[in-house]
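What follows is subunit A paired twice: with subunit B in the first complex and subunit C in the second.
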Partner chain A sequence: MRAMAMTLKHELIGLSGVVERNIYLTKRYIFWDVAFFVWTVANTLTIVFIAEGIVATGGEIDVEQVTTQLLIGAVVWAYLGIIFAFLMETVAWERWEGTIEYTFMAPLSRAMHLGGTGVFAVIYGLVRASLLFVVVALFFGLSMPDANFAAALVLLVIASVSFFGIGMMTSVLPLISPEKGAQLGFIAQGMLLVVSGVYYPVSVLPQWMQWLSTISPATYALRGIRASILDGAGLAWEDVWPLLVIGAVSIPLGLWVFHRGELYAKRHGKLKRSG
Partner chain B sequence: MSDAAVRVDGLLKVFDVPEREAGLKAATKSLVRRRTREVRAVDGISFELAPGEIVGFLGPNGAGKTTTLKMLSGLLYVSGGEARVLGHVPSKRERDFLRRIALVMGNRNQLQWDLPALDSFELNRSIYRIPRPDFVALRDELVELLEIGDLVRKPVRQLSLGERMKVEIVGSLLHRPQVLFLDEPTIGLDVTMQKRIREFVALYRQRHEATVMLTSHYMADVEALCERVIVIHHGKILFDGDLAALSDTVAAWKTIAVVLENGAGDLSGYGEVIHRDGDLVTLRVPKAETARVTARLLAEQEVLDLNVEDPPIEDVIELVFAQDAVE
Partner chain C sequence: MTEVREAVPLEAVPRRSPPAVDVLELRKEFRRRDRKKGRFGRRRVPALDGVTFTIRRGECVAILGQNGSGKSTLVRLLSTLLLPDGGSATIFGHDVARESRAVRRLVNRVSVEASFFKKMSSSENLHYAARFYGMTPSETRVKIPEILTRVGFPADRRGEPMENLSRGMQQKVALARALLTSPVVLLLDEPTTGLDPRSKKEVQEFIREVRVEHDATILLCTHDLDEAEELAERVGILDRGRLLALEPADDLKHRYGAETLEDAFFAATGRGFEEEGDEDDDREVFA
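Let's look at the complex of A and B:
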């Protein structure tokens, strides 16, 4: 028992080392992060303005509600993008810098290696997504008097476990294809969100896409967060349990997929520097 | 040698390399029918390294040196044969194995480009579970030995190639590896820096009784550090033995550099003239005849200076590769 506790302690020290390294790297490029944040705000505005556009072209909608719905979709999209990008960079960036072989040679379990990146990605993503939400909400003067932000935040954190698991599966792509793997990750992100009702209700999708939406964690995250912010709903079990189940499946599956990718890379000599 | 630090038996690494003819037609054809060629990067090699031994692993580009080192470090899976390092199978990634080895590649970096080396050292401390007092003591010792106290606080990207190599080596040794694989650690460095790295490797090996396997294209590295060399070409071992024996086995000649008082005349009657620079003439003579030719020169010529030398190791290695190509 004591030996297990010591092992866990050492693993967590390794994980915290990876988190710490990512903090240093983010600090190093903090002004570039600010620039990218401005781009994200601009991108989000182009989506959220659609609500105003509908009214301007004669449509009759509750502008405030649709604006908030679109904003939530855009923020979750941006958040998922951050998680996937960080995990993808675990491999892609290290390949570029030429450190990947050393990282794979280090006595750190893959779970802790990827977990360290994932923990930092979630913290960083939550900060950026929250800032994005606040900035755009202020821009449009959204009031959201009934919003239950705490419930929305907790649900996003729960959903992050599943996002992280799926992110691990996509982060293997640059291992398999050093040249195009990273771009394939964006396709996975897009596929996930298109079936999850990012800017529209899932009910408008064709039936086969609605079936797919039931295995996407983003479906439950978007539904629950919208309910919390628009209607002040608390955590709903019907959103939480699917996320817990998908998380419980996707984390070990993600680790297994990454392990298979690592085996492939080591058999075929794909760990070389690509930069 | 059951207690070998490194034991390699019939090690094999095969890659399937895609290939096609030039042109649009061949490119289109390869979309549906991809042609690959089997390349034996390492072709059934066997050797052992005793604990504390330092061995030069020599060969031209593409000989299979780096592939072998990567298999011994667990970065590449073997296609056949067996490799054991400190009793471990490298591909299994056992913690006890990973904590006791290091691979330093002259053309790669383990330190984060954007961070000062000190930050990366701290990460290594966490990952390799080095107790802080041990970490601080060894870090400071290595930093002092390589005189890089003012470099470790700068982002790695701002360091010169030689400076970067020095901090890379420190980063690789913080966990006191017992087996060190050095893949061209002095590549691209000036002669002064090469000498510093060589001295440092020798000192580290002596202090920590480490086993070292070194590849280098600079024969000065090999001559200064290694008594034993393994020569590999086209994935096969051509020679494994003492450096001195390599010269004796392959190059059955010596060189005599001679300066005559009355200027360099025609000395072709003594041996093959391979170099002439003013009054200095260098002759190549069969090893068995060296003593006789030297005696003749001293008796028949007015000699100001005379040196008998083994052929340069570069020439010997070149000869090994040339012989392999002919065979």
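Let's look at the complex of A and C:
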């Protein structure tokens, strides 16, 4: 029992080490982060302006509602991008710096190693996504008097468990293809959101895409967050339970996929190619 | 002299324990592109071909070999970073493939490249790395300045990004990282290659010191014949994945009727130490 407690303590200290490392890196690259944030704001504006554009070309819509709906989609897209990017960098960046071998030979379980990356990614992603939401909402002067932001935030955190599980599966790609693996991860991000109704209701999708949307955690996250912000709804169980189920499946599956990728890399010498 | 933290107390490794390193018929192959077989043609290149040896607890063994001889492959296999294709390797009785977690608690490694997050400082790099071995912030706050002082790293440069440091300085931090976790087995893969003579001497002196004071078992893969002779009790010759000999330097010279280790290497392999053929280049295995 005592040995188990000691092992758990060491594992949690290891997890905190991954978080600590990401804090150091974020501090060292803070100006790059500011630059990327500006880019994300610009990108979000290009999407959110679509609502104004529809009215300008004669369409009749509730501009404030459509603007908010598009903004939520863009913010979730950005948030998912941050989670996936951090997990992808677990391998890609470390391989670039050459530290991956030292990380992989440390007596730290892969669950805690990836868990540390996930914890930091979620905290960092929530801060960035909230800032993005506030900046763009202020830009358009959105009022959102009924919004239940707390429920939206809690749902995003619950959905993050599933995003993290799927992110683990994609983070193995740079191990298999060091040159192109990271880009493949962004394809997964796009596929996930396109079937989840990122800027539109899922009902407009072809039937087969609607079926796929039922296994995407982003579907329930987007639906629940929109309901909370647009209508002031609280946490809805019909959004929460699918997220819990998908999370319970995706985390062990993600770890298993990463483990298989790690074995492949160790069998073929892909952790480092020379030197 | 400061004490290094005992992540794995040496008392935990029984005196009458298995050899520190026990390698038996170890094989590793890599699939490489075969230019003769067209775009998708592949061939198997043996990086290690039936290597067998043991290292006693507290012993220092040097392995000499040219680029492509399989030295780094051997170190990576023992570090659990590669999976063997055949044979076995154990560290104090723990199989590197099947009991990798137990092995990782016992070994650490310093390679020719001091790999760090280059924008982070030496202190930051050591702090997060120590956490992976279960060291708490209160422990590292004390131990990291101590160990950096011990390797001769200037106190006023501890906050500087690694990219601003010379290779010699970076290698000292790499040594500090390896020793911070108190490894029972230290794997050194060309730790002094590319260093200026002064840094080289300092690193070699430090390796000697660690061995005496920390009772560490050391496997030193090197290009440097003098370094091998000075630091190691036994010297091995690894050529094209095969371990041709492993014995004390004097015995090696005697066996091949050579006056120097370089002559012995030439006699054993049929080529000079610095001489590399196309075949070595073609192998494209870990150097």
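Note that in this section the second predicted complex is superposed on the first by the 270 of 275 C-alpha atoms of A that agree within 3 Å, B and C clash if a C-alpha of one lies under 4 Å from a C-alpha of the other, contacts with A are read in each partner's own complex, and residues count from 1 in each chain.
The rule is simple: a contact is a pair of C-beta atoms (placed from the backbone, for glycine too) under 8 Å apart; a residue touches a chain by one contact, two chains touch by 3 or more.
Computed from a prediction, not measured in an experiment: that's the story for all the values here.
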First, second, both or neither for A:Ala150, with subunit B first and subunit C second: neither
First (subunit B), second (subunit C), both or neither touched by A:Met105: both
Partner chain in contact with A:Arg267 - subunit B first, subunit C second, else both or neither: both
Subunit B versus subunit C as contact partner of A:Ser16, first or second or both or neither: both
Which of subunit B and subunit C A:Glu97 touches, first, second, both or neither: both
First, second, both or neither for A:Ala248, with subunit B first and subunit C second: neither
Intersection of subunit A interface sets (partners subunit B, subunit C): 10, 13-14, 16-18, 20-21, 24-25, 28-29, 97-99, 101-108, 263, 266-269, 271
Residues of subunit A touching subunit C in the complex: 9-10, 13-14, 16-18, 20-21, 24-25, 28-29, 97-99, 101-109, 263, 266-269, 271-272, 274-275
Subunit A partner contacts - residues on subunit C that touch it in the complex: 30-31, 72-73, 76, 79-83, 101, 104-105, 107-109, 111-113, 115-120, 124, 127-136, 161, 177, 284-287
Residues of subunit B touching subunit A in the complex: 15-16, 67, 70, 73-77, 91, 95, 98-99, 101, 103, 105, 108-115, 119-120, 122-129, 155
For the subunit A and subunit B complex, residues of the former touching the latter: 10, 13-14, 16-18, 20-21, 24-25, 28-29, 97-99, 101-108, 263, 266-269, 271, 273
